[in-house]
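Below: a set of structures, written as structure tokens.
The two complexes that follow have chain A in common; it is paired with chain B in the first and with chain C in the second.
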Partner chain A sequence: MSVIAPRKALSLGEIAREQGVVIIIALLLLGLSFASDSFLTPRNLLNIFNQSAPLAIMASALTLVIIGGGFDLSTGAIFGVAAVTAGWIAIHVDPYLAIVAGPLIGLVLGTVNGAIITAFGVHSFLVTLATSLVYRGIAILMTDGKLIPVRIAEFAWLGRTKMGMVNVAVIVMLVFMVLMMFLLNRTTFGRAVFAVGGNEEAAILSGIRTRLIKILTFALSGAAAGLAGVITVSRISMAEPQAGAGLEFEAIAAVILGGTSIMGGAGAVWRSVAGVLLMALIGNGFNILNVNPFFKDLTTGVIIVIAVALAASGRRR
Partner chain B sequence: MSSNQVAVSVRGIAKSFGGTRILHDITVDIETASVHALVGENGAGKSSLGKIIGGYYSPDQGHVTVGGAPVTRFSPRDALRHGVAMIHQELQLVPELTVAQNVFLGQESARAGVLVGGDLARFHALETTCDFGLDPMAKVANLRIAERQKVEIMRAIARDARVIIMDEPTSSLTEDEAERLHALIARLKAQGKTIIYVSHFLDHILANCDRVTVMREGRVVRTDAIAGETKQSLVASMLGQHSEILFPPLPPAPAPATTPLVEMRQVSTRAGLRDISLTVRPGEIVGLIGLVGAGRTEVARALFGADPITGGQLLVDGVVQGPLSVRAAIGQGIALVPEDRRKQGLVLTQTTRPNISLATLGRISRWGILSRPQEVARAEDMIRHFGIVPGKVDGQVVSYSGGNQQKVLLAKWAVAKPRLLILDEPSRGVDIGARQRIHEFIVEMARSGAGVLLISSELEEVINLSHRGYLMSEGRIFAEEQSRDLTVETALARVFAEQNQNLAGQEARTT
Partner chain C sequence: MKKLVLAALAGTMLVPISALAQSDKPVRVAFLAASSQNGYNDATWQGVQQAAAELGNVEAEIFDGQFNASVQFSQVEDIIASGRFDAIVVAPNDTVGIATALEDAVKAGILVGSVLFPVGPDLTVMEPQVPGLTVTVAQNPKTGAIAQAEAVAEFCKDKDPCNTVMFMGQKIYPFDNLRYEAQMEVLSQHPNIKILATGEGNYSPDTSLAAMSDILQAHSEVDVVVGTADQHLAGIEIALEDAGLEIEPIYLIGGGLNQITVDAIRAGRYDATLSQNPKSEGYLAAKALIEVARGGTSPTWIDPSASIENPLIVTTDWLKAHPEFTAEWEG
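Coming up: the complex of A and B.
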């Protein structure tokens, strides 16, 4: 959300609404570090970051789509196409080219989404639902449904190696997140994204190229999904056409958890990354505590409902 | 008619929106089985009063009594329980359903929640009262507005409404259709129904209503029997003593030979403009005078490139322009402050600063990267210049008063330093202080050499703040005058006369 109005003191409810995700993360960190000695170690925390890097990249870019008033259900499928394309290129052409090709193919597929949405004026929910099926189909066709093992050192460094203490993937994620924050908060493009999502008619009457802006947000979301796909293939040394299935929902869940308005016009990238972190913490905590993994999804779901209900109660006055 | 029986009694109602009081101490009695008119200028509060009786707004103070029972909860549903139904200017039907389905929406013939037949029979029974000649199976989406209105009226009658509020019922009807509506109103009255008739068509009111309440600036001026009223007497009450608002002196008008900044030659658009020819010179304030729906906003949108021009020519600096887009218009130095500031102007999810910057992001950025210091300095400048309260660079515009929201919008275009500034209802719903600041700004712009096109439903404002005025009706300009030669009374009389003439012409064509 945005700046808190000073003067009047904040009620507990308002604090919970504004900073809900941060508070829950803090509580979880506190609780888990008491519950288990192995939780609050640099190794475990870095591991959490590393594992959620691909999802955090996708959620960062998806935040721009949602602030712009759109919705992207195709990121999981774009992830899959980028994964198999990168795997194939790494084996048959060049491993470094493969790393570049993943985000690029995502950029193209995302641009296609945006072009269809703006050219026909169809809701992005419907368009990306349809293209996600198309893209997934393409990924399956490309590999005949088979897995492609990719064991090449020049390719695997992206997902597997560390620089000092920190995984390369985590650094890539942080750089990407900062880039998205910069675009959203420091550029004319970011301003236009907020305006398009907040009041499209006002944006048009202010001379903003609203269609172009929308296409760009979807292109970024696609590129992020492609990058996430490449990191994952590099990490598990395996490209499979079903890679990333369901990840689109996790990304959306993270953005919503962070408190970015599904109505568009308000939100922040760091909040979505915090949402990813929160989901990862729940998973990790349940692992450490040896809880039935079934409870992980259940808990995440309950927290999302609470977060959304809190946000909605803030909008009603 | 027994004059003691009161269907609706309104006592001391007050209502504010966002810090602006729109109704003050309203007290009206509406007699049973009468047709009661509410008249006033735009913004006088007549629709708002109708909406309170209809349950759409709840009053801040005062009481409403319907049929002797006090109203405690205000919602359209509760109003219906009291037998009050409202028919809106913006009709509220489900377009994808049929006429009959809409009429019985929420009260379909059903047994234990399962739909059973019989609605068609009920529809025909209703039709004997209404005699609208509507096809019950027609889809509402395919009906004309006049027919949709009939559906709304049938719906009210199907719900057994004893009081029906009609907000501008004839504004989109031909004279012939209006005639039939009035015949229906007479029949409803004979059946003991009470009609509250909100309109600015004085002829319709004089011919069809029993009593009239005249409103001005959110107050009741008087309530009287219609017998003995004339158009003149109503207009005089609507306008009242001229309010004490002083208009700032205008800069001298530019010489008539000056090359116009913009010129329209026989322009028509799909939005309903026909044969519009007008000019605005640098340093000149030009007013568009007409009733709501006369096409004033459409002229503004055409000039701003928001509605494509389908016929005629648009010239800027004497040069014929190709198809104009909003971006191109802004590039030419044209600015539009639109009519509906919340829907078309402001991004309410954002604070003051980004709202001020939105139309001129290019001027405070390089390579697409915003200069925050420049932006903040410029916003602070504007907040001071317009006296925006609260004076915070990142204030929550969504909770600002109407006047301050409007100032933010003016600031957004002031930073663009436009050569032509188009203002559509710039002082609607703002308090007196903001209004005066807005007026000063208009004069300031003209003095600095910009052309201004001013649209306002308050005739006093347009006439006093413009050098020249164009009188509009039905998408056409029918006269051009020096504003100092106009008075509110003469302008209003001419607009009404032109409208009646057009309606008469339409009738002649249809019969």
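Coming up: the complex of A and C.
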């Protein structure tokens, strides 16, 4: 006779860590719905998803990097390189090729990050800080610091076309998020990512090729940044070398907001995407309510502190 | 006695400059760009180089301020310490903070000219706020903002209400607040002009797109959008299109007069933009400093808009009448 062990009830701390970001989103949704009739409409909610798509893609892949014990400060710069390269290719070669080229360039640059980190044993924080300067320099050199207008219908397809009410970019974001969730939770690779981030020495002793796992996480992060860059250029029909500047911090903030441990070994992709949506909700609410922008940063900061504190309290208990 | 000593000291420091008037030594000009990787600053640098080439025997060098006030401050200190330059053209990242460093440069006998903004606490005072500053080549920021608002008032004169969305760069920037307040002062005199919302564009098409998309969720009827910068219009236009609004009847006015915007106005997508002339600014500032270094004189304030062919607000009609016109910077 088999005995099924009863599932252990989650403690308040665990609920705070697991669902903190969802609770805050729910409270924000409620508050903003009362504050403005324009907020809780399908059009506005889709608008929020559409605006968040590039950052959500970056945060999804970055989650794997951080769970694996790494840190990627170069995603904003990779976003910039991919953006200007895609813009150039769209104008001078082929618009469809440009859409494919962005993620591929990101994949290569991310692989370079991973290769340097593992080859020299330097902390990923330092390596990606350095490569971000190199990559941003490449983007600026490619354009001379100028904007590149890319008003090509075939290229704008990715960023601006809708399928029904939903933007293609949102569908791409959802597909990418599900792919990252699948990789992390349903494959050997995903289990290895958790193992490397949780205890690298134990992972090595278990026969996991930790270097390869790390390189793969950075490659995915780079590809995601490249894809995000292409979506953005395609949407605004303008490639700019400074595109994506600061986005790396927003992506990191979203991942941490989602309760992923900055020490590695624990986290979830969907919660990082929820972190992105939380930040987007704040911006959207402020714009709709026409509130003084000074309060936006203040509110965003306070909410991040609350969410991070909730997640930390969950880990302490 | 103290004054005598200071005067003697100042006289000694000025020797290298006045000596240039009689010598064959080149005039060495440093251009402190707010950022060297920026289209506007690149055009200013082209203007500096043009003045150097025209006047001859001038060595010009660019410094990258990286949009960082501290970096630019250090660059001034380095220039003073090195003694390598006779003149500085600065596009200030921080108009107040850089003042003390530039004062030291003036005391060290280096000629200083400012472009785009005046240096000092008051952005509307174009006469030198730093003692000894040779020239400011800039337009009073209020003048342009008022001209933009007056263009809106003219468009709105037969509309009631005239639903208007304002876009500023960032509320943390003093010059953005100054422009915004000047615009609102004019617009508030027209009761038919209804300000629906004010967005922050942060001089980025992407940020402007997101902000305008949000604003359109609450306000679907828009007659006018005022962007501080042309970069804002690029994002605003996409947001309007995505919301299914017809662009042509909406009055879109920006600021900067780059070539991308000129092309968009000619194509009928935008309506007008505030003229800014970075190449002229660089040219006029460098020319003034070089001439003073060679014993000549210069006015302490040069308004670049006085020496250019286009009007302050460049419109579709004006561009139609001037098909040969090209902007001073690409964008």
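The criterion applied here is as follows: the second predicted complex is superposed on the first by the 299 of 317 C-alpha atoms of A that agree within 3 Å, B and C clash if a C-alpha of one lies under 4 Å from a C-alpha of the other, contacts with A are read in each partner's own complex, and residues count from 1 in each chain.
Going forward, a contact is a pair of C-beta atoms (placed from the backbone, for glycine too) under 8 Å apart; a residue touches a chain by one contact, two chains touch by 3 or more.
All figures in this text were calculated on a predicted structure; none of them were measured in a lab.
Once the two complexes are laid over each other on the shared chain, residue contacts for A:Arg209 go to chain B alone; chain C is not touched.
Which of chain B and chain C touches more residues of chain A is settled by the count: it is C. Once the two complexes are overlaid on the shared chain, A:Glu201 sits against chain B while remaining clear of chain C. In the superposition on chain A, A:Ala266 makes contact with chain B only, not with chain C. By the touch criterion defined above, A:Ala169 lies against neither chain B nor chain C after alignment on the C-alpha atoms of chain A. Looking at the shared chain after the overlay, A:Thr188 reaches chain B, while chain C stays out of its contact range. Of the two partner chains placed around the shared chain by superposition, chain C is the only one that A:Asn290 touches, whereas chain B remains out of contact. Contacts from chain A toward chain B in the complex involve residues 2-3, 5, 186-189, 191-192, 194-195, 197-199, 201-209, 261, 264-266.
Within the complex formed with chain A, the chain C residues making contact are 35-39, 41-42, 170-172, 196-200, 204-206, 209-211, 213-215, 217-218, 231, 234-235, 238, 241-242, 258, 260, 263, 330-331.
For chain B in complex with chain A, the touching residues are 304, 306, 326-327, 329-330, 336, 338, 343-351, 354, 357-359, 361-362, 365, 368-370, 372, 394, 396, 399, 412.
Across the complex, chain A meets chain C through its residues 36, 38-39, 41, 43-44, 47, 50-51, 140, 144-147, 149, 160, 232, 235-238, 240-243, 283-284, 287-290, 292-294.
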